[in-house]
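Structure incoming, see below.
Labels for the chains are A, B, C and D, by order of writing; each one numbers its residues from 1.
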Amino acid sequence: MDKKKVAVLGASGYTGSDLLRFLLVHPGVEITHLTAEKHAGKMISDVFPHLKGIVDLELKPLRPKSIPKNIDVIFAALPHGTSAAVIKELYERDVKIIDLGADFRISNKNYKKWYGQHPCPELIKKAVYGITELNRDKVKKAKLVANPGCYPTSSILGLAPLVKNKLAEESSIIVDSKSGVTGAGRSPSLDYHFSEVNEGLKAYKVGEHRHMPEIEEALSNYSGLNVDVFFTPHLIPMDRGILSTIYVNLKKKLTTKKLINIYKDHYKDEKFVRISDENVYPSTKQVRGSNYCDIGIKVNSSGSRAVIVSVIDNLVKGASGQAVQNMNVMLGFEESTGINTTPVFP
Amino acid sequence: MDKKKVAVLGASGYTGSDLLRFLLVHPGVEITHLTAEKHAGKMISDVFPHLKGIVDLELKPLRPKSIPKNIDVIFAALPHGTSAAVIKELYERDVKIIDLGADFRISNKNYKKWYGQHPCPELIKKAVYGITELNRDKVKKAKLVANPGCYPTSSILGLAPLVKNKLAEESSIIVDSKSGVTGAGRSPSLDYHFSEVNEGLKAYKVGEHRHMPEIEEALSNYSGLNVDVFFTPHLIPMDRGILSTIYVNLKKKLTTKKLINIYKDHYKDEKFVRISDENVYPSTKQVRGSNYCDIGIKVNSSGSRAVIVSVIDNLVKGASGQAVQNMNVMLGFEESTGINTTPVFP
Amino acid sequence: MDKKKVAVLGASGYTGSDLLRFLLVHPGVEITHLTAEKHAGKMISDVFPHLKGIVDLELKPLRPKSIPKNIDVIFAALPHGTSAAVIKELYERDVKIIDLGADFRISNKNYKKWYGQHPCPELIKKAVYGITELNRDKVKKAKLVANPGCYPTSSILGLAPLVKNKLAEESSIIVDSKSGVTGAGRSPSLDYHFSEVNEGLKAYKVGEHRHMPEIEEALSNYSGLNVDVFFTPHLIPMDRGILSTIYVNLKKKLTTKKLINIYKDHYKDEKFVRISDENVYPSTKQVRGSNYCDIGIKVNSSGSRAVIVSVIDNLVKGASGQAVQNMNVMLGFEESTGINTTPVFP
Amino acid sequence: MDKKKVAVLGASGYTGSDLLRFLLVHPGVEITHLTAEKHAGKMISDVFPHLKGIVDLELKPLRPKSIPKNIDVIFAALPHGTSAAVIKELYERDVKIIDLGADFRISNKNYKKWYGQHPCPELIKKAVYGITELNRDKVKKAKLVANPGCYPTSSILGLAPLVKNKLAEESSIIVDSKSGVTGAGRSPSLDYHFSEVNEGLKAYKVGEHRHMPEIEEALSNYSGLNVDVFFTPHLIPMDRGILSTIYVNLKKKLTTKKLINIYKDHYKDEKFVRISDENVYPSTKQVRGSNYCDIGIKVNSSGSRAVIVSVIDNLVKGASGQAVQNMNVMLGFEESTGINTTPVFP
């Protein structure tokens, strides 16, 4: 079979770089087009020395019209707004599009509130929200997939069995998330300057982060409930990893053992979701570099409150890995192709 | 005035070491006796090379009877159980005792449940819980002070204004705490082995940590309410610092601005508690090495939930610094003597 | 073709774990036997949670006789002395053996001086020193390969072109190496306790590290010279990576450009050695998780001294990756099979 | 006695911030004027939240003429070039000036070569190079002190006894230095972006760093020899600390013990230099936050080569601490006033 031709738009960020890591070992695709507006004209290995001798492609400027017609799959890792504008121009082509940005993840109403005017609101409804484990059937038929945000991925997978089974009080949900610094991208600023971030820990955008409506919409769509989430992100002095500690009031009394079984059952066919045994809580370190989401579970002694601890690598299951997983589903490859890597521990 | 003579029992741990850092610059005291069971016979600078040329004392074995009679103040930084047994033998002396361990922080009933049989339950009631800002008057008259735990200090100071003003729904409180690794002490184990901890993040003892009853008792005693707390600790790959993110349902609607004013008013005379302005959340890095507790505040848009972000240096305000603060109150020194240091940033 | 059956002796350390990472994606082998003396009876995923759902093998006690006869390749990641004793018992079998320990790397004379009495000195001469790029032909025919140490790998690859071309003054060589903490293994001790190591930096065993004679022997054997090296290792607060800064007085005047060309020529057919361009020096981060050795080169303005900066991932090219590379050569697989992974950046 | 009035020019960098930490506890001075060109008009605690409630001064624009006439001491922590231009305007005032920049550290000849045209070359000769331990008598009488660079401080203190006693072969000296990231300052750039620097290690400006001529001049002036140094700096993923590993060929055979005694004797009256015992090498962690320089020493078995390991906190003994030490000498305060703090370990 001919290899599918892949383009990565916005290849000079961390998400772009990790995409290449997976696509390079994927037997069904070949990378043929890379763009990076700021670095156009350079080789990708000038921007990422770790790729020297591995990928030898020139970075092109971001011009939709210059993307070759023979491209089969486009990954867009672009700033919000830009992404939608570019995808609008490409949508009519015979191509599969996976957008790793925020432009097609939430309804136009919420987009307006949290991001502003959308360049092509008519396309939002055509996009499928690509949390693969929950939306696999829709992803399979999608032309345009909105790849979930990193915080939402850990939160939604951690909450799905609770909301699907109507066990969660919809308005009680608190997601306290902690993220490594790669989540903030590759643009230098004082906020992510080494000496400011290292050996410190802080909360930011408490109750006001744009990933909050994304979590709410995804869970509401999935469960039919009207899910309300309070979300607090924190910045942790490490490169990769998100850990979300999720607090939920239960609609009926449960034990830890019972809830663990509900989760194991819910995810029993999922390769990339692993449920921890009682009294064991996952570390982000055990998923680093891989596409796994590991989940630990605790119910308090009275049975009224559940605590879910969900960990992922923000750049993999929270971005590039899940994007490739979605591509595999869209193109009919075995779902774990190319992302079937063991976590890099330690 | 003669300097007060000070003994530190358990001087070879991180708490002991940081105690020395403050006591050494305190003009009113001199360190004359150090014990360290495992390292008895060595010089303190053999155990802590950073103290070479600064403190030249031999570490003695831990024998209550061998502690010189002329000692005025004893700091005990010992394992629980050991601490109470030692203090029992010393209690009748004319000496002030500050216990940095857990033995006198909670009621006998809770002690039994969470730690086991207490060696001298009769002394528990005589001890004053040394969260200085809230219990200053009692500390002033105390002979024995139970210095608060690190997680409780950040949690209690973060919650005090809410519970005192009856604004918190007592059973809604969730404390999601994140701690640097020094909180786990200096004994090597796989759990705190560099390569296991570094670049990772995990939760532990979810809803089952011994600091949970300590927080509940302290806040209940302070407010007269029956406070119920759900507590989750996390381990963060950094040396020092605790950040507690506290979620509280409010009994009456508030705005962020109003709640900040309540906090500023509550702590208006407190040197070591600093309240952040709206939309500003403190980093642990801004208190490192110092006795400050910095607090950021957010109320959700409907006014029904408050989020408090409280940061301290776990070894200072969460242990040694507060211990010296308590000593200052007990002995009549100006409260910030010796601990009046600027945070070491970055 | 049937897959080759592989045993890993000492699978519960970091080297063992990283071996599994590569062997698991190697199409020509299957892992069928794991030993771990301390953890015998446990599943490998109890010891390494990141392997849950990926490898489901029980750890066996280390008994040479119990290793199944159908094993084709044995990797030994054992303490020195133990390794030789075990290999002695297995040597007569029809099996390929790759020893990741120190027992067969140096001559019996040096072994006695630096390690003590050798359990089977007669086997030392039968072993091939497995620095693949330099000894490929011998590795191809070897039954027993001594996989190089981590510091030696970075040093030897960094120095090989200089000594082979008789450009180095043999007695002038200084290797100043810096290693991440995984190099110290997985056994907890105060020296590698998180809070002791993090945010600090130290030298150790200055001029007295056991890797010094290994570097000297390997380079002497390779070049026919009598190479003398002064070696200083340092411990760096990070998980993975070794950077060796190598200072050499030159026998004849050179420029940076010329020396870079000599290196590029020397390694022109080597996939895993990458030479940096002038004024570019590699970071350990650009090889993390991969089998690459990246080398930067500088000659001083007078042309009399060369400085070589050589970086590897200590667990990969410095241990498990090179071990698999050697296995590939020994068994006739394409040399990069299974280790053809892109560095995990960042 | 009236307190001396102090101005800090360039107060919004890490050096400025650490200066304040020491000056604030100095009983003989008060800080009355702060400048920060980029942040003029803000309060210092807006730029450095850790100073909230501790220093409440407005940052002024950098205008020499606006610096009040009653200032007794000026610390300049400014970019090179700017510093000299400002000091030129202030030099005629009755004021002591300590320049923490590079403008007055080296001869005009070297300045031209390494930095460019000097704004006031006539002042270079009037400045005293403020490596306090070696130049104390000159510092005492100086009006303008050039505070040494961070790398030079660790290197010069590590080499001084060897060159002074004519034990070092002048052209054999190699300084391999490793620095924490605060040494690069507070301006964001990709080079110091958290995710680029963390968990990595690199060399830079090999043999071409501007601190090389500074080390050579200082040691030549101190010893009367013509000292030649090869210098390689490295960036280490930690906040504070420099470790310099120094290699020297000896002019006469020595043992480690003898050389340690020479160092102990050389520094016997120095509070801030501590010599380690045989086989002990200092970690940067044992000096963090303090003004100490700790030195470990090794001579090879043949007695022909010495290795010196010298550690400092780059922001303290390598910048602000030594600046205050120099101020103390210049103004007649006891030399350790204000900087007499215990290292913050861990």
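One rule holds in what follows: a contact is a pair of C-beta atoms (placed from the backbone, for glycine too) under 8 Å apart; a residue touches a chain by one contact, two chains touch by 3 or more.
Predicted model only: the values in this text are computed from it and were never measured.
Graph distance from chain B to chain D, where chains that touch are one step apart, equals 1. Each chain gets one centre point, the mean of its Cα atoms, and the points for chain B and chain C are 46 Å apart. The distance from the centre of chain A to the centre of chain B, each centre being the mean of the chain's C-alpha atoms, comes to 39 Å. Contact of a single residue of chain B with at least two other chains is seen at positions 14, 182, 195-196, 198-199, 237-240, 282-283, 285-286, 288, 346.
Taken pairwise by the contact criterion, the protein chains are fully connected, each one touching every other. Those residues of chain D lying in contact with chain A across their complex are 14, 181-182, 184, 186, 188-190, 192-199, 237-239. Considering their complex, residues 174, 176, 178, 180, 195-196, 198-204, 206-207, 230, 232, 234, 236-241, 243, 245, 247, 281-286, 288, 296, 298, 300-301, 305, 307, 309, 311, 346 of chain B touch chain A. The residues of chain B lying in touch with chain D in their complex are 14, 17, 20-21, 24-25, 48-54, 182, 199, 239-240, 271, 274, 276, 280, 282-283, 285-290, 294, 340-346.
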